[in-house]
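Here chain A shows up in two complexes: once beside chain B, once beside chain C.
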Partner chain A sequence: MEIKADDFVDITDVVCPITFVKAKVAIEELEDGQILEVRMNEGEPIQNVPRSFKDEGHKVLNVINNEDGTFTVFVEKGGLEG
Partner chain B sequence: MSFSNEQLERYSRHIILKEVGVKGQKKLLNSKVLIIGTGGLGAPAAMFLAAAGVGNIGLVDFDAVELSNLQRQIIHLTRDVGKPKVISGMETINEMNPDVEVTTYKEWVSSENISDIIKDKDYDFIIDGTDNFPAKFLINDACVLTQKPFSHAGIIRFQGQTMTYVPGQGPCYRCVFLNPPPPDAVPTCKQAGVLGVMGGIIGTIQATEAIKYILGVGELLTGQLLTYDSLKMEFRKIKLPHNKNCQVCGENPTIKTLIDYEQAVCELKQS
Partner chain C sequence: MEINMAQVDYKELKKGGFMRQKQKDNFSLRLGIIGGQIEADQLLKVHEIAKKYGHGYVHMTSRQSIEIPFIKLEDVESVKKELAEAKLQPGVCGPRVRTITACQGSEVCPNGVIDSTKLAYEFDSHYHGRELPHKFKFGITACCNNCLKAEENDVGVKGGQKVNWVENKCTFCGLCEAVCREKAITVDKSGKKLLFNEEACNYCGRCVKACPTEAWEGKSGFVLYFGGLFGNRIAIGKKLLPIIFSTEDLFKVVDATLKFYETHGKASERFRNTVDRVGWELLEKEVAGVLQ
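Coming up: the complex of A and B.
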């Protein structure tokens, strides 16, 4: 299923904890229900950033392994709330 | 306003918090806090508010730094002895966080100037870091009359106390303490001594209250007096009701203008 993102952020250029900080800055710009596409590195970012999104009430819709050491994660803002 | 990469990194531990986030950190950067007294309480409060990125900090103090201050007033350094406290405080804040704009008021608060100082930048929250009853009642009355929230605190020996006033939410300082004690009835910390860390504990709680008020999160010490006994290592929270007969915030207030109470003789400057 193709997911259409409303915004995109690349957090492969920063390390923990700035990874989630940068992702969080991007998602706070969106409205509830909108979708953010996040490109992140394997390892610590892919282990922690999706979980942090869930903790804050956002829904992780899909995780795609790009097979180049990065992952693309689609997150719906506020998707776990209400 | 969007964050620079430096700001993202500086405030990352805040932004990660769900209760703060980007919006909360922006609120802090856009907020204005007035700190009256740059001593035992005001020094740590000012430093943590500056580190937190409170964008505008006002410092009020007429005193100059003395060697005997340095045991607890950690915003001032040995090289600052003799310098006005507001200047010394501003220099420390400037070195700590360039995002913070400091306004200095090198004066004692009185009925003549306190409302103008509060209105100068239309401060969002006021911290009472003073060491005497006339100033504490003056700050309370001024905050009630201008409808500004503030944090009261006092420290002496191994004890401290603090409460928070928010207009319309619980008692003011005068609801609880009515009037200042007679001059010289209560020892000042100059006469009685104070453990240096007391200002750190209580002043930092005051900074916490200011930050929570600005963010709009959690529960404040409104309607509650927090007391701390460091010898017994005991915190207590005492519930306090609003006094509908309060002279300044009650249903029929009799105090409509500010009062300058007499200061204890030993505290008057000899100059």
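Coming up: the complex of A and C.
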């Protein structure tokens, strides 16, 4: 599954609740239908950040386990709306 | 009011939530609180009583209640009357069912899979203050995060979800595999396949909460833990049954548990010690029996 992202944000350098804040700020910059690539840590961020995207109407398209304690998540802005 | 001190029934006072203090004829008044919730207006009354009859402070107990220390023996009846005005009542102590503790549950918390607050009220209406060989604690927690520590209670309830994968809704994004802490899910993205090892599933429901396309469905239920202790002896409650889905079945099991304790427990013997003595197989047989 090849997905081309429109923007990238790394949130592995922050902890909850800044993880989602940083990701949210990044996705706000995009237009509906555009795709954000987010690199996040395993554990709490992968448990909660994609779920918060869902709650705000954004659709997770793909999750890649980087096998280094991080995941890369592709999210479509507004993909769950309408 | 004249009180004949010789006639004071301390046991009766304790039963009604008045805990004897070191200071003679002073009591710490425990309030009857269910699931850790109290109305803001009731708090005003607590404030009033603490100022008028106590020492102007309250103590938060370890099990979600409030105690008002330094209530004088001669004020006990007036304090009860004032509590009743705010629809408050003293809590319970001694050898009986104690305060039912609960987290906020699914109505408030994004993680909750059961309405633990509502369930706490149902437990209270079924079992409030019921006399038993020793103290008996119920705790209700709405998800696997276990904020209310189900396993440390005589009977603990933990919300869980039995999950089911719906193939035609799945986009094979792999998020469920990433969030599953039990490694029960394996997604083959290129082959568009998903393997679910139900044996490894712990009913946490994280796959359901995370899934962007509702390809995971969850049926909420109750996982029970029996015989937890966290006082003089520390013992973790044991899971004896599969997840239970209806409150009707839940109460059948709890009824059977209390009956078991009433039948086999010696006075002043905690439930865990009774089961250790009588045998876990027997308890398991009794509680599983009512579900058939």
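By definition in this document, the second predicted complex is superposed on the first by the 82 of 82 C-alpha atoms of A that agree within 3 Å, B and C clash if a C-alpha of one lies under 4 Å from a C-alpha of the other, contacts with A are read in each partner's own complex, and residues count from 1 in each chain.
Going forward, a contact is a pair of C-beta atoms (placed from the backbone, for glycine too) under 8 Å apart; a residue touches a chain by one contact, two chains touch by 3 or more.
These figures come from a predicted structure and were not determined experimentally.
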Just from the overlay, do chain B and chain C fit on chain A, or is there a clash?
fit
Touching A:E28, do we find chain B (first), chain C (second), both, or neither?
first
For A:N62, using the defined touch cut-off, is the partner it touches chain B, chain C, both, or neither? Pick first, second, both or neither.
second
Considering only the touch criterion stated at the top, classify A:P50 as touching first (chain B), second (chain C), both, or neither.
second
Quick check for you: in the superposed arrangement, does A:I18 touch first (chain B), second (chain C), both or neither?
first
Using the superposed model, determine the angle chain B, chain A, chain C defined by their C-alpha centres, to the nearest 10 degrees.
70
Residues of chain A touched by chain B versus by chain C: which partner has the larger set?
C
Superposition result for chain B with chain C: lowest C-alpha separation, Å, rounded to 5
Overlap of chain B and chain C contacts on chain A, residues 55
What residues of chain C sit close enough to touch chain A in their complex?
110, 171-175, 177-179, 189-190, 206, 209-213
Write out the stretch or stretches of chain A touching chain C in their complex.
1, 42, 46-47, 50-51, 53-55, 59-65, 71, 73, 79-80
In their shared complex, chain A is touched by residues of chain B numbered 3, 8-9, 12-13, 15-16, 18, 21-23
Note: in the complex, chain A contacts chain B through residues 17-18, 20-22, 24-25, 28, 52, 55-56
